[in-house]
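Read through the structures below before going on.
Next come two complexes, and both contain chain A; in the first it sits with chain B, in the second with chain C.
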Partner chain A sequence: MAARMRALTGRTAFLASVGLAYLLVLAPLIAVFWVSFFRNKIIAFPPQGYTLAWFANAWSLDDFRNGFVLSVEIGIVATIGSLLIGVPAALALARHDFRGREAISAALMSPLIVPGIVAGTAVYMFYIEIETWTDVQLAATLPGLCLAHVVLALPWTVRLVTASLVGVNRLVEEAAMTLGAGPALTLWRVTLPMIRPAIVAGGLFSFVVSFVDLEKSLFLVGPGRTTLPIAIINYLEWSIDPTIAAVATIQILIISAALLLTDRFVKLSRAF
Partner chain B sequence: MAKIALTNLEKRFGSFVAVESLSLDIADGEFLALLGPSGCGKTTILRMISGLTDATGGRIHFGARDVTDLPPYARNIGLVFQGYALFPHMTVAQNVAFGLEMRALDRGEIGRRVQSALETVQLTGLAGRLPRQLSGGQQQRVALARAIVIRPDALLLDEPLSALDAKLRQELRQEIRRLQRSLGITTICVTHDQEEALSLASRLVVMHQGRIEQIGTPSDLYESPASRFVAEFIGKSNFLDGHVGAPDEFVTKSGFLFRFQRRSAAVGSRAPTSVGFRPEKIEMGRGRNAALANHVEGKVDAITYLGATTEYEVRLPSLERLTVHAADSSADPIAIGDNVTLSWSSEATFVV
Partner chain C sequence: MRDDAGLRPFSLLSPAVLVITIGLLLPMTMMFRFSLNRYSANELMTQALTLSNYARFFGDAFYLGILAKTIAVALASTVVALVLGVPAAYFLARLSTPRLKSALILMTVVPLLMGNSVRTAGWMVLLGDRGLCNAILIFLGIREEPLRILYTGKAVLIALVAAILPYMIISLQSVLEGIERVYEEAALTLGAHPATMFRRVLLPMLMPGIFSGSLLCFILAMNAYATPLLIGGPTFQMMAPLVYQQLTKVFDWPFASSMAFVLMAVTLASVVLSSVFIQNRYGRL
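This part shows the complex of A and B:
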C-alpha cells in the first residue's frame, strides 16, 4: 500500500515536472503567437478583438522587410558555404588519419563552445587586423558578414555529416570500386547518396543558425544594413506593440518549418 | 575468364604476418574453395586478389596480366562480400547495372544484360525493390548477379552463404555451382563450412595461420590428410600417439599395433607421432572382422543418435577413447556398457 502510494506520488511528480517544462518552453511562444493577432496597440489582456493588420504593418516597415530579405539571403549563402566546406571537411575528418586531425576537428567545433558575443568581438577584431595588414575591408561589409555566418554554420554541417559517415559501411564503397568505379565516381554515386539525409539536414540547420543569429551580426553589419534579429532589437528600443509579435511569429514559423524538415532527414537528437 | 596465379603472396600488418609467402595457381574455369579457421587469412587473400588490400610482397597474375599494382577498379573481378554490401540507395536493377555503367556500355546493352543476370539468379520480379525490402537469400542473389554481370576475370566469394539458414544454403549452393559451371568462370570461394567446400569445389585449399596446409581434391584431403590439422579440420578423426615400429606398423603408447598404408606428406623425413583413422571407416561388432587388418576391443561409453548414423564413444582398456560412426543395427542393438570389437583396414589408416 505504502509502496503503491510512493509510486503514485513519484509518477505525479514526474508528470508535473514534465508539464512544467513544456509550459516554460511553450508559454512564451504561444503568448507571442496570440498577441500578434490582438487588435489593441497596447498589449493588454483580454484582447479587444483580432486582426491581421500587424503583419501588414510589419511588412510595410522598411527595416523589417529589408532585414527579412537580408537574413534570408545571408542564410542561403551560409547554407551553401557551410556545405561546400563542411562536407569535404567531414569526409577528410571521418576517413583519413592525418597529422593535426584532432586540432582541425576541435577548431571546427569551437563555434559551438565560444559564446556568440565573444566570437562576434573576436571576428570583428580579426577583420580589423586583416584590414590593417592587407587593406582588404571585411568588417561592416556584406562579404565579411556572410563569411562570419558561414563559419557560424560550419560546425553543424561537419558534425551531422561526420556522424552519418561513421555509419556508412565501407564495404559498400569497396564494392563500388571492385565494380569499376574510381574514387571520384564512388564518392559521387555511392558515398554522397548514402549520406544525403545528413547533408540536407546540415544545410537546413545551417540556415536556421544563420537566420537567428544576433550577436555576431551586431558587430559585423555595416551602416544602413540590418538583419531581421537586429531589426527586432532596434524596434524594441522604441516601441512595444503587436507588430513585434507578428515579426517574431513569422520568424518562429520559418525556423520551426526548417527544423521539422531537418528532423525528417536526421533525428536531431542523435546529433547532440 | 582467366587463370589466376599467386606467387609468394604476402601480407603483413605491422609485425603480424596475416598471409605468408603463398603460391597458388587456379586454372581457368576452376572452382577452388579456400577454407580454414577464423583469422587464418582467407578474407585477406581475397582482398589482395581484388586489390582492396595491397600485398606487402609477391605477385598476382590474371592470365598473362600482372595486376599486382592495379587498383581494384582496373582489375575486372566480381567480389561477393560476406555481408553482401549492396548499395542501399539503389534498386535491385540499379545495383546490378552499376558495374556496367562504370564500363560505359550503352543503355540498351545494360538493360539486356541486367535482365539476363536477374533471370539467371531468378530475381526478375524484384528488379524495382530496394535491398532493405529483400530477404537475406534474395540479397545474396543480387550480390551474385551484380558480381557476374560484368563478366569478371574471376569471381571471388567471401563466405557467401554464412548468413543463411541450412535449407536456403543448400539451395543457393546448387545455384552457385550451376552458375559457375555454365559461365565457366574462375572462382575462389572462402568458407569455413567444410561441407560447403566439399560439395562446391573441384579443389580445396586448407589454410592455417596464414599458410597453406594442404591443396587437393576433396577426396585427397579426406583420405590422405597432409597433417593432423587437416585431418581434424576436414571431417572427424581418431588419433592415437606413438611411433612407427616396422615400416608399415605403428605402435601406440598404450601398446597397440596398427598397420597403416598412408603416410601424410607433412611428415616429410620426421618420424610420425600419431596414427589416425576416420570414425566411419570402423566396423563395430561383438566379434572381430578377420578380413580387416586392425582390431581393438573396448566398452561403449556413450551413444549419440545423429540421424543417418549413430555416434559411439568407445573406451579402450588403456582408457583412450575412439569415436565410431555406424548405422544402428536394429537386430542386435548395441547399448551403453556393451563390450565391442572395432575393426578397420590398413588402407583407412594414416600416420601423421
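This part shows the complex of A and C:
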C-alpha cells in the first residue's frame, strides 16, 4: 500500500513538472495572444470585452507597418540568398571529399556559435569602417541588413540540405548518368527533385530565423528603418498595452504558419 | 560520378565562403584588432597594440560584477531548465500516440523559434503589477496589494528559463529517442525502484544530451539581451546590454570590442571545456 502510494506521488510529481515546463514555455505566447483581443485600453484582468480594433490600430502606426514590411523584405532576401549560395555549398560538402572540408564546414556553421550581440557589434563596426574607406554606406541600409541576415540563415540551409543529400541513394543519379544524362541534367532532373523537401524547409527556416532576429539587427537598423522585433522592444521600453500585444500576435501567427508549413516537408524535430 | 578534382567543390563553395568571410569572419577579426586599440575622446580610436582595455575590464569591480552576475544568472537558469527539461523530454520521447507526439514537438519548437521580443511582451503581460499573475493572486485573496515581480531578478530568471527550456527539451529528447525502452524495463523487472532505475540506467546514457543541452542553454542565457533589458529593468545589468550601450551610447569602440570578446571567450571556453570533458568521458560523439 505504502509502495503504491509512493509510486502514485512519484507519477503525480513527474506529470506536474512536465506540465510546469510546458506552462512556462507556452504561457507568454498564449497571454500575449489573449490580451491582443481585450477591449480595455489598459491591460487589466478579467477583460471588459473583446475587440479586433487593436490590430487596425497597430497597422495605422508607422513604426509597426514599416517594421513589418522591412522584416518581410529582409526575410525574403535572406531566404533567396541562403538558398542560392547554401544549396551549392551543401552539394560540395556532401558529394566531394577535399582538403579543408571540415574547416569550411565549421566556418559555414559559425554563425550558429557566435552570439548575436557579439556578431552584431563586429558587423556594425566593420560596416562603418567600410564607409570611412569607400564611402559606401552599409550600416542602417537594406543591403547591409540583408547581408547580415543571409549569414544568419546560411547554416540552417546548409545543414538541412547536406543531411538530405547524405540520405539520397546515389544509384539513382548513376542510373541517370548511364542512360546518357549529363551532370547538369542529372542535377536538375534527378538530384534537386529528390532533395526538394529539404530545400523548401531550408528556405522557410531562413525566413523564420531572419524574421525573428533581434540581437544582430539591433546595431544595423537606422532611424525610420526598424525591423518588427526591434519596433516591438522599442515600444515595450515605454509601455505594454493591447496594441503591442496585437503586433506580437501577428508575429506569432506568421512564425507559427511558416513552421507548420516547414513541418510538412521536414519533421521539425530533425532540424536541430 | 566524375570528380574533376578540386575545381567543382571550389566553385560550388566559394560564394558561401565569400559571404561568411565578409559577413562574419572579417568583422570578427577586425573587432579583435580594435580591442587592442586605444580610445581617445576627440579621435574616438587611436591605433595601438595594448591590452589596456582588457586590463580596465578585469580591474574594475563594476564590470567584473556584471560579468559575474551574467555567469551566475546563466548558470542558474541552465540548472532550472535542466531540472524541468528532463521530465518533459522523457514524457515527450516515450509518448506512444504519434499525433499527440508531433503536436507536442510543435509546441516545443514553435516557441523556440518565436523570437525574444514576442516572449518578452508575454512576460510583461503576465508579471506586471496589473498582470495576470497578480490578478490571480488578488482574486484568490492571497495578496491584497500587487506583488512586485516584473523588474526583479526572479522575473529575469523565470523568463530566461522559459526561453531556453525548449532547447533543453529538444536536445534531451533526441538522445532519449535513441535509448531503447528495454533497458528501463529490464531494470524495473529486476526490481529497481523507478528513481534508482533513472539514476543508474537512464542518467548515464542521457549524459551526452545533458551536456549538449546545458551548453546550448548556457550560451543563450549568457548572451540574452531583451530579457535582462526589459524584464530586469534599468538597474538589472547583464553583459549583452552593456556591450550595446558601450558601442552605441559611449562610442568607445576599443572597450566595446574587448567586452564583446570577453563575452565570447567565456562562451567559447565553456564549449571547449565541455566537449573535452564529453570526449574524455564518453568517447567521440
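The working rule: the second predicted complex is superposed on the first by the 256 of 272 C-alpha atoms of A that agree within 3 Å, B and C clash if a C-alpha of one lies under 4 Å from a C-alpha of the other, contacts with A are read in each partner's own complex, and residues count from 1 in each chain.
Keep this in mind: a residue touches a chain if its C-beta (ideal position, glycine included) is under 8 Å from a C-beta of that chain, and two chains touch if they have at least 3 such contacts.
Keep in mind that what you see is a predicted model, and the values were worked out from it rather than measured.
K.L.:
After superposition on the shared chain, which partner residues are touched by A:Leu171: those of chain B (first), chain C (second), both, or neither?
P.N.:
first
K.L.:
Tell me the contact category for A:Trp133 with respect to chain B and chain C: first, second, both or neither.
P.N.:
Touch partners of A:Trp133: none, neither chain B nor chain C.
K.L.:
Looking at the overlay, does A:Leu179 come into contact with chain B only (first), chain C only (second), both, or neither?
P.N.:
Only chain B; A:Leu179 stays clear of chain C.
K.L.:
Compare chain B and chain C by how many residues of chain A each one touches, and report the one with more.
P.N.:
If we count touched residues of chain A for both partners, the winner is C.
K.L.:
Please indicate which partner A:Arg189 is in contact with in the superposed arrangement: first for chain B, second for chain C, both, or neither.
P.N.:
Once the two structures are laid over each other on A, A:Arg189 reaches chain B alone.
K.L.:
Which parts of chain A are in contact with chain B and also with chain C?
P.N.:
On chain A, the overlap between the chain B and chain C contacts is residues 174, 177.
K.L.:
Mind listing the chain C positions that touch chain A in their complex?
P.N.:
By the definition above, chain C touches chain A via 1-3, 5-6, 8-10, 12-13, 15-17, 19-28, 30-31, 34, 83-85, 87-88, 91, 102, 104-111, 113-126, 128, 130-132, 135-136, 158-159, 161-162, 165-166, 169-171, 173-174, 194-195, 219, 222-223, 225-226, 229-230, 240, 243-244, 247-248, 253, 256-257, 260-261, 263-264, 267-268, 271.
K.L.:
With touch defined as at the start, can you tell me which chain B residues reach chain A in the complex?
P.N.:
50-52, 71-73, 75-79, 81, 83, 85-89, 98-99, 102-103, 146, 150
K.L.:
Chain C touches which residues of chain A in the complex?
P.N.:
On the chain A side, the touching residues are 7, 10, 14-15, 17-18, 20-22, 24-32, 35, 42-46, 81, 84-86, 88-89, 91-93, 95-96, 98, 101, 104, 107-108, 110-111, 113-119, 121-126, 129, 147-148, 150-151, 154, 158, 170, 173-174, 177, 183, 208-209, 211-215, 218-219, 228-230, 232-233, 236-237, 240, 244-245, 248, 251-252, 255-256, 259-260, 263, 267-269, 271-272.
K.L.:
Once bound in the complex, which stretches of chain A touch chain B?
P.N.:
Contact set of chain A toward chain B: 169, 171-172, 174-182, 185, 189-190, 193-194, 196.
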